[in-house]
Every structure is written in C-alpha cells, then in structure tokens.
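Consider the two complexes below, in which subunit A is the common component and subunit B and subunit C are the respective partners.
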Partner chain A sequence: MRGLTASLTIIIIGILWAIPLYVLIIGSFKNISEVLTTPIFLPSERPDFYTLLKTGSSMTDPLINTIIEVIPAAFISTILGSLSAYAFHRFTSKIKDIILIIIAIATYIPYQSIMVPLAIFIRSLGLYDTVWGVLIAFIILYIPIASLLMTIFMSSVPRDLIHAAEVDGASEFTIFRRVVLPILGPGFTSTVVFLVIQAWNNFFVPLILVRGYEKHVTLKVFSYIGQSGNLYNEMFSAALIASLPPLIIFISMGRYFIRGLLTLGMGGR
Partner chain B sequence: MRKGAFLRLKEFFLFISPALVTGIVLLYFIYWNMYLSLTDYSPLNPSLSIVGFSTYEKVFKDPDFISSLIRTIIWAGLLVFSGNILGILIASAIFNLGGQRLRNILTAYFIYPLSLSLVTSGIIWRWLFDNDRGINVIFRRIGLPGILWLDGSNAFWSIALVSIWVYSGLGALFYLAMFYNINKEIIESAQVDGAGALRIMMQIVIPNSKQAFIISTIFYTLFTIQMFDLPYSILFINPFTSTMVMYTYIKFAATYFAVAAASAMSIVFISALIVIPYAMYGLKKWIVRA
Partner chain C sequence: MTEIIVENISKRFKNFEALKKISFKVSSGDFFVILGPSGSGKTTLLRILSGIERPDEGRIIIDEEVVVDVKKKIFVPPQKRKVGMVFQSWALYPNMKAYDNIAFPLRVMGLSKEEIEKRVKEVANVLGISDVLEKYPSQLSGGQQQRVALARALVKQPKLLLLDEPFSNLDARIRITAREYVKKIQRELGITTILVTHDQADAFAVGDKIMVIRSGVIVQIGTPQELYEYPMDLFVADFIGEPPINIIKIFREDPLVKILNIDPKQYEEDIIYIGFRPGDIEILRESEKCIETFIEHSEYQGVRNLSIGNIVGERRIKLVTEKFLKPGERICIKPIKIHIFNHDGRRIDTIQSK
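Right, the complex of A and B next:
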C-alpha cells in the first residue's frame, strides 16, 4: 500500500516532467509539412535528420565559442577557488569570517543587478563583443562560487594529514598539490561540473556583453525564436543541439552536479 | 609553529587573493551601481554629478517599475508555495520507495530541468502553450475547453507554472537530504506502534525538515528575483510578464544607465535582505572550526 501511493505519485508527476523533454526530442525530427499540421506531441511518421543537420551546421561557430568561454572559466575558477579554500582551511582568524561573508554575498546576490557596471567594465577593457569579455565576466562571477563550494568540501579534509606533511617539511603549495587536491577530487569535479552547466546555459551575461547571436549557444538558440516563426522543428533542433552537452554531462555525472547544488544549499551536511 | 606569523599571513593572502579580488570587484560593482543610481548619467547626459535621490524618485513613480516589483513579489509567493508543496510531495514519494539506487535516479530525474538552459525551457513551453499545436489539442480531445495560455494576463500565471516545473526538483532534493538525516529508530518505533506511512510523513518526517523549507524558500525567492530568461524567451518584453530584471534590462538597453542602476539597486536591496542573514547563518555550517 505504502509503495503503491508513492509509485503512483512518482508516475503522475514523472509523466508531467517528461513531456517537455519528449516534445523537444520528437519535434527536432519533424519535416516541414508535419510541423505545420501535427500537434507537438505526435511523433513524426517519417523522422528526418535534415533540420537537425541544417541547424547543426549553422551552430558550429556558437558551439566553439561557447566551449572557449565555458571550459576555461570553469577550470580557472575552480582551481583558484580551491587555493582560497585551502587558505581558509589553514588559517584561523577573524579576517577569515569577514572574507567568507564577502564571498558569500558575491555568490548569492543576483548577478543581473550588476549589469550596468559589468558592461561598462568589459567595454573599458576593449573586450565588448568578444568571447574573452564573456570569459572574463564568467571568471569574475564564478570564482566566489567556486571558493565557497570548495571551502565547504575542504572542511572534510583531515587536518592530521596536512600536519604530517608539514612536519615532513613540505611547502604550503606542495601540501596543497600533493596532499589536499587528491583528497578533494570529487569536490573539485562537482564544482567544475556545476560551473560548466551554469556557464553553458547562461543567457544573460552574453546577452549584455555581445552583439548578435554567434558568441554563445543560448543566444543562437534564442535567435531561432525570431527567425523561425511557425517552424518549431528548427527551434527545437537548435535547442536540442545546445542542450546535448549539459544533458550528457548531467546524465553521466549527475551526482556531482547534485552534490554541488546540495552543498550550495545545505552546506555539505 | 614552523613559520613566523607574518610569513603565514603573506601566504594566506597570496592563496586567497583570487577570491578576495573578485569578491571585492563584485562588491565594488554594487558600489558603482549605487553611485550611478545617485546621478543622472546616460550617454546623452554624460555627467557624473550627484543628483541625490531624484533618479530613485523617477523609478518609483514609474508604473512599469511598480508593476514589475509587485509581479516579482507575487511570483516569489507562487513559487515558494507551489515549489515547497511539490518538493515535499516528490521527496516523500521517493523517500517511501525502496532501493537507494532507484531513489538517486529518481531524484536526478526531477532535477533535470535545471540542467537545461532557461531559453530551451522557454522555447519548449512556448509551443506547449500554443493554441493549435500545444496542450490545448489534448484538452479539446478529452472535451475540456482550451486555455489561452499566453493571452494578456494569463501569460503571467502560465510562465509562473513553467518556473515551478523548472525549480521544484531542487526543493525535492533539499527535503530528501533532510529526510535521510532523520533518525531511523524513531521511524521504526513508530512503525512498530502501527503508524501508517502517511502519518509517519506528516507527524515525524516533514515536521523535522524545517531547514529544507527555509533553504528552499530562500533559493526560490532568489531565483524569482533573477527571473529574466524564461519570460524573455517565451514572450520577449511584454507588459504582462515584465520582471524587475527585465525592467532594468530595458532601461539598460535604452542606455538610461542611471535609471537602470537605480532599479538594479532595488534588486540588490531586496536580495540583500535574504542573502546577508543566510550568509551569516551559513558561516556556522560551512566551515568546521579546528
């Protein structure tokens, strides 16, 4: 009985949850005549790859640009964030609490509220409308998040190990690289995965820092809303292609992403 | 102690500098925002002299701003209410199913909307709300009247529904994490006493998960304050679904920078009311003292 109610709840809500993804996938395989006549729930009778290939080929540049922005931003932020987390772990003082509060505020205050200064700043660097401007903006926004996440993950590293390395005469950087980083592996992966998905799906930062639609996939996907009008197969193809990288990461490394979410909310415990 | 205190402090600041610098840059941006909001700056009027609160006065007298502020508050209420209820429902159902592996897969399943970009979700739902090819087709087939999902003021409720679909899984995750923390012996002894699953959930498990309620509420509110991508990709700029970030963006795109900054400062102010207490509270949990 107890399992039955639970299963029914899961199945009913689960179906509601599946509809958007189902619609996205089948819509991408429809041909023009079906798009104009069939409802979006009905799978295609003659699935065709033409639309996917056509949108895919126009999305190569945005995809490459997004990779250039997202991968370095996630790794640089996580590496620098781990360094600060290590310093927090080693150092006990009141300053630490103040810095952590600054970092927490920088993490949680909606970044959309700094659009004016951010855009003026990136312009003044001469990086408006470049992938580098978006990359720098991501790094500025993500280092505080990465530091906070890694600080929480770091709190589970046993201090005895660090003390043992210290007694052996290892420098701080050696301790960090040889002792702490290997233990932090899963936390490090969680932070990188979390930031890759966040940056890949970000729409607002490229929207204010870039002209046109070629320098981030979400912008490119957005551009199809205006130009495809009634042809949802094009919009869905573009959206599916843009969603595949984060979806694949989510399916294969979901537990790392979830640990990132859980840690940001519950603080690791 | 192997090293002098000074050296340790120097190393500490070296390691910490990236986080400290970006943290300060972001706070400086907020300060800059505040400064701009006290001027009348725009490319047409490139003067950075302080005009006091007159820009704020302008913003708070603008009916578009007021309606976007009220809409954001109602939206937050809707998401907090429905997101918590759905979160509890999903989490309770998963909690009552056997097998940790199945539970983990189901948890991930309900979170998948968070791995899609909001623009993608927006495009999908734009079509689900379509009158000729969307949900209405199913509604009409089973004899229900179609709903004009995106017409006029209906659009706000429809897009709020989409946001509930996107974010409820996160609440479920927070509740589940708390459910797993509850002492199993208490649950088992209640089972021995003959309490049913529903009673155990209502009287033991859910009341012991207040922390998940607080955190879900904080996150739902912050997500609502940031709302932009979803309404923008479903209906672009629309008087019925404009949010505070959208209002700010319109003023920014029209290069009314001082007005945009003043509007942005109200976003900062409202979120600070939530973020600062949360950060103080989190500080105790985030780091383990030696």
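Right, the complex of A and C next:
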C-alpha cells in the first residue's frame, strides 16, 4: 500500500515535470500554420523538421560562444575552488574561519545584486560585449560556490593520507595533484557539471554584459520572443536545441554527479 | 646510525595539555616503544617527531641535526626529516597500485625509473609482497596492506622509522607474525625505530626499550624486564602484565599485616598497596603465614591455568598456576615477590622471599 502511494506520487510529479518538456518537443515540430491554428497541447499531425533545422542553423554561433564561455569557466572555477578547499583543509587558523564565512555569504547573495559593479569591472577590462567578459564574470561568480562545494568534498579526504605524503617528501603541490585530486574525482566532476549547467542556463549575466543575441544561447532563445505575438514553434525549437548540451553532459556524467551528491549527503564521508 | 634526542617537548590543544615537558633519548639502532593508554599523548609525540605536528616548546635532534627548536624557531618540515612512517590506518594512496604506493617517495625524490624499480622490488622482496605489487590497496588483505605501508616507509632508507599502532588493525593471528617480521626487519636493517602502542603485548614483543607515558608525562623508561619486575608505580604495575597484577590495599589493622609480615607502620604510612603477579605465588599446605583463598572461578588454559580467588576481607585475586584449581577448593597461598606502593601509588619497596 505504501509502495503504491509512493509510486503514484512519483508518477504524478513526473508527469507535472514532463508537461513543459512535452509541449516544448511537440511545439518544435509544428510548422507556422499549425502553430497558429492547433491547441498548444496537441501534437502536430504531420511533424515538420523545417523549423528545427532553420533555428538550428542560426543557433550555431550562440552555441559555440556559450561553450567557449561555460566550459572553461566551470573548469577554472572548480580548480580554483579545490585549491582553496585544500588550503582550508590543510591549515587551521582564525583567518580560515573568517574566509569561509565570507565565501558562504558570497554564495548566498543573489548575484543580480553585484551585477552592476561586475559589469563596470568587465567594462574597465575592455571586455564588454565579448565572450571573454562573460567567461571572466562566470569565473568570478562561481568561485565561491565551487570553493564551498569542494570544501565539503575535501572533508572526505583522510588527513592521514596527506600526512603520509608529507612524510614521503611530497611538496604541497604534489600532494594536491597526486594524492588529493584523484580522491576528489567524483566531487570535482559533479562540481564542474553543476557549474556548466548553471552557467549554460544563465540569462541575466550575458544579458547585461553583451549586446545583441549571439553570445549566449539563453539570449538567442529570448530573441524569438516577438514584440507582437510569439512564434512559439521557433522559440521552442531554439529552446530544445539550447537545452540539449547540458542534458547530454548530465546524462553522461550523471553517475559521477550522483556519487558526488551522495558524498555531500553523508556529510562528506 | 641515528641517535634521537628529545628535550622538554610540550604540546597543548586548546584546553588540553597533551604533552608536558617530555625528554628522552633513543640510542642508535634501538627499537623504542612508547606505551600508553589512549589519550596519553603518545600519538601526538610521534606526530611531533615526524614533523606533522609542531610542539609548543622543546627541541628534537635526529642524527645530530636539530629538527625542532622552538626557542630558536627552527622547524624542519616532514619532507626534509628523512623519517619513514607507518600510520595506524596504513594511509595507502587508494588511487595507486601497491607498486606506485611504494614508489611514491622515490618518485618525489626524482630518482630514475630503473633505480626506482630496483629499490621497490628489493624492499618488496624483503617484505614478501612481490606478488601483490600490481594490486590496488582495496584488493589487499590487512596484513598485506600493512606490509605495503611498511615498504613505503622503508624504501627511501630513512634514518628513523616511526610506527603508529601498526598492529592494532590486524587480527590476533596475523598480529603475532606481523610483530615477528617487523622486529626481524628492524634488526636486519639496524634502523632506529620508534613504535607507539597501547598494547603491552606489542610493546613486549618488539621493544628493546619501553617508555610508559600517561597524561602527557613519562612514567618510566626501561627494558621490558625492568618494567615488569620493578614497576615505578601502580600505574605501570597494573598496565604491564597479562593477567594484570593483583593490587591489594592494606590498612594498619588489616589481618594481612600479620600473615605477610608487612606493616604500613614500618613505611610510616596509614595505608599501603601491595602488588604481586598472579604467577608469583606458592601454594602451601596449612600454615600460619599464608593467605587462605577460596577459589570462585577457574579457567583451564593448558600450561598456565587462571583462577579467581576470594581472600580475607572479600577481596578478589587472580592466580596463575600450573595445577588446575577447581572452583570451590580452599587453598593457602604465599606471594613470592611483593611490591609495596605508598598511598599515592609510588613503589617504595620490593620484597622477595627466598
């Protein structure tokens, strides 16, 4: 009986989640006349790939730009985050506690509230309206959360291992690279995946830091919202294409991602 | 050849004083055991020797090189101390095969591939783990993991070998063989070794010298025989020996005063403690000068049999005898060797009869 209730609950929640996805997918396969005449929940009678191909070709540049911004940003933030997490793990002092608190605050502050100074900073670097500006902004925004996540993962690294490496004569950098980082593998991967998805879906940061619609997929999707009525088949096609890369990353890395989350759930053990 | 000198080492953790002015010396080639109950500061001391922990006070000299001198602000990091250490948890790198674990210290030193291979194979051969080098630590048994950890500590030919409770994660049988080979290898290599343990059997099995420590203070340093035969105080007497020593509190009007001919008065004390080992007794026929004992419980163990007896004043004593004593039997015993401790537990006399 309890098993049945649980299954039913899961099915209902699953359906609720699937509805928008369903609408998105069937919408992408409608042509212009169907969009205007058929109800939004009804699938097309003659699926039409033209819209998907048309938006797909115009999505190439935004996709490449987004990859250039997102992948390095996620990696660099996570590497810097794990370096700081290692430093926290190694050294105990009052300053460490203060820095950790600052990081926690930085993580929970809504990033919109620091966008103006960040935009001024990016402009002063001469990187306004470039993918590099967005890339640097992402790194700055994601370092705190990366540090925090990696600090939690770091607590699963036995201190004895680090001490053993020290006695074995390894330098701090060697200890980090040869002993700590391999053990952190799943945690590192899940942090990277998390940040890739976060940055990929981010709309506000590119909106402020670049002109036009070509430098981030979310902007491109947004560009299909017309001022006088929406052609939702094109918008849905664009959204479908835009959401595929993070989906692929999540599915291929999901195993590590979940293992990492489990580590978090067990208090980093 | 390495001599270790430790002078006035102190260490505090917040409100807890882990070590209080510890000083001792380890002669070159000695197997030195630090023995103490948990929380006595023994592991902290080992970590200070390895350089993982910094003392608040004191000086350490390893092979004529000052590695720590708090006053002169000298601190040699663990990387440069030329010590090898085996951790209680073994601390094997889980992402590396046994071979790479052992090779790690040599790779860090920047030795050539051939040299590394030669030395790893050599030490693996000595420790009998040549056939598990291609396995990961998780695929090894406890005993093999320990040997790999020992190999990793020995491969760089350290001046000083530190062992932190190396036998506590092994089951009873392997433990005995492990003690044997650790001792054998230590003797063959002639390497100065410091081992930390809470188990007196470990200490007796391998130690040339044993230092007993309690609450951060050295209680006694000596050979196993010295500690067993002439314990400095009740703590050492009780801590060493299996089954433990019998301790009996004696007050001035105690009936035992007459029987044993030991009187607190002669030591100018109101109470004293006497201690005798369960095996240091004679069983007599009826006689005036013996302690009448009612056997309450006994265990047949073969060569040495253990019994629990009840003596005057409802006090329980342990006896180890060749003859198996049946429960319910009444016997008369006489301790052959009696240690006498004053009211605060210091040994003030030892009486040996004939």
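Just so we're on the same page, the second predicted complex is superposed on the first by the 248 of 269 C-alpha atoms of A that agree within 3 Å, B and C clash if a C-alpha of one lies under 4 Å from a C-alpha of the other, contacts with A are read in each partner's own complex, and residues count from 1 in each chain.
The rule is short, and it goes like this: a contact is a pair of C-beta atoms (placed from the backbone, for glycine too) under 8 Å apart; a residue touches a chain by one contact, two chains touch by 3 or more.
Nothing here was measured: the structure is a model prediction, and the numbers come from that model.
K.L.:
Would you sort A:242 into first (subunit B), second (subunit C), both or neither based on which partner it touches?
P.N.:
first
K.L.:
Tell me which partner A:174 touches in the superposition: subunit B (first), subunit C (second), both or neither.
P.N.:
second
K.L.:
Check whether A:158 is in contact with subunit B, with subunit C, with both or with neither, and answer first, second, both or neither.
P.N.:
second
K.L.:
Have a look at where A:182 lands relative to subunit B and subunit C in the superposition and call it first, second, both or neither.
P.N.:
Touch status of A:182: second partner only.
K.L.:
Figure out whether A:116 sits in contact with subunit B (first) or subunit C (second), or with both, or with neither.
P.N.:
first
K.L.:
Counting only touches as set out at the top, which of subunit B and subunit C does A:166 meet: first, second, both, neither?
P.N.:
It touches subunit B and subunit C both.
K.L.:
After the superposition on A, what does A:212 contact: first (subunit B), second (subunit C), both or neither?
P.N.:
It touches nothing on subunit B or subunit C.
K.L.:
Using the touch definition from the top, say if A:6 reaches subunit B (first), subunit C (second), both or neither.
P.N.:
first
K.L.:
What's your read, subunit B or subunit C touching more residues of subunit A?
P.N.:
For subunit A, the partner with the higher number of touched residues is B.
K.L.:
In the superposed arrangement, what residues of subunit A touch both subunit B and subunit C?
P.N.:
The answer is residues 166 of subunit A.
K.L.:
Flag every residue of subunit A that touches subunit C in the complex, lowest number first.
P.N.:
158, 160-161, 163-171, 174, 178-179, 182-183
K.L.:
Can you name the residues of subunit A that touch subunit B in the complex?
P.N.:
The touching residues are 1-3, 5-7, 9-10, 13-14, 16-17, 19-21, 23-24, 27, 38-41, 80-81, 83-84, 86-92, 96-97, 99-106, 108-110, 112-121, 139-141, 143-144, 147-148, 151-152, 155-156, 159, 166, 172, 176, 197, 200-204, 208, 217-218, 221-222, 224-225, 232, 235-236, 239, 242-243, 246-247, 249-250, 254-255, 257-258, 261-262, 265-269.
K.L.:
With touch defined as at the start, can you tell me which subunit B residues reach subunit A in the complex?
P.N.:
2, 8, 11-12, 15-16, 18-20, 22-30, 32-33, 36, 86, 89-90, 92-98, 104, 106-121, 123-128, 130, 132-134, 137-138, 165, 169-170, 173-174, 177, 196-198, 211, 215-216, 219, 222, 225-226, 228-229, 233, 245, 248-249, 252, 257, 260-261, 264-265, 267-268, 271-272, 274-276, 278-280, 282-283, 285-290
K.L.:
Taking the complex as given, what residues does subunit C use to touch subunit A?
P.N.:
Where subunit C meets subunit A, its residues are 47, 50-52, 77-81, 83-85, 87-89, 91, 93-95, 104-105, 108-109, 152-153, 156.
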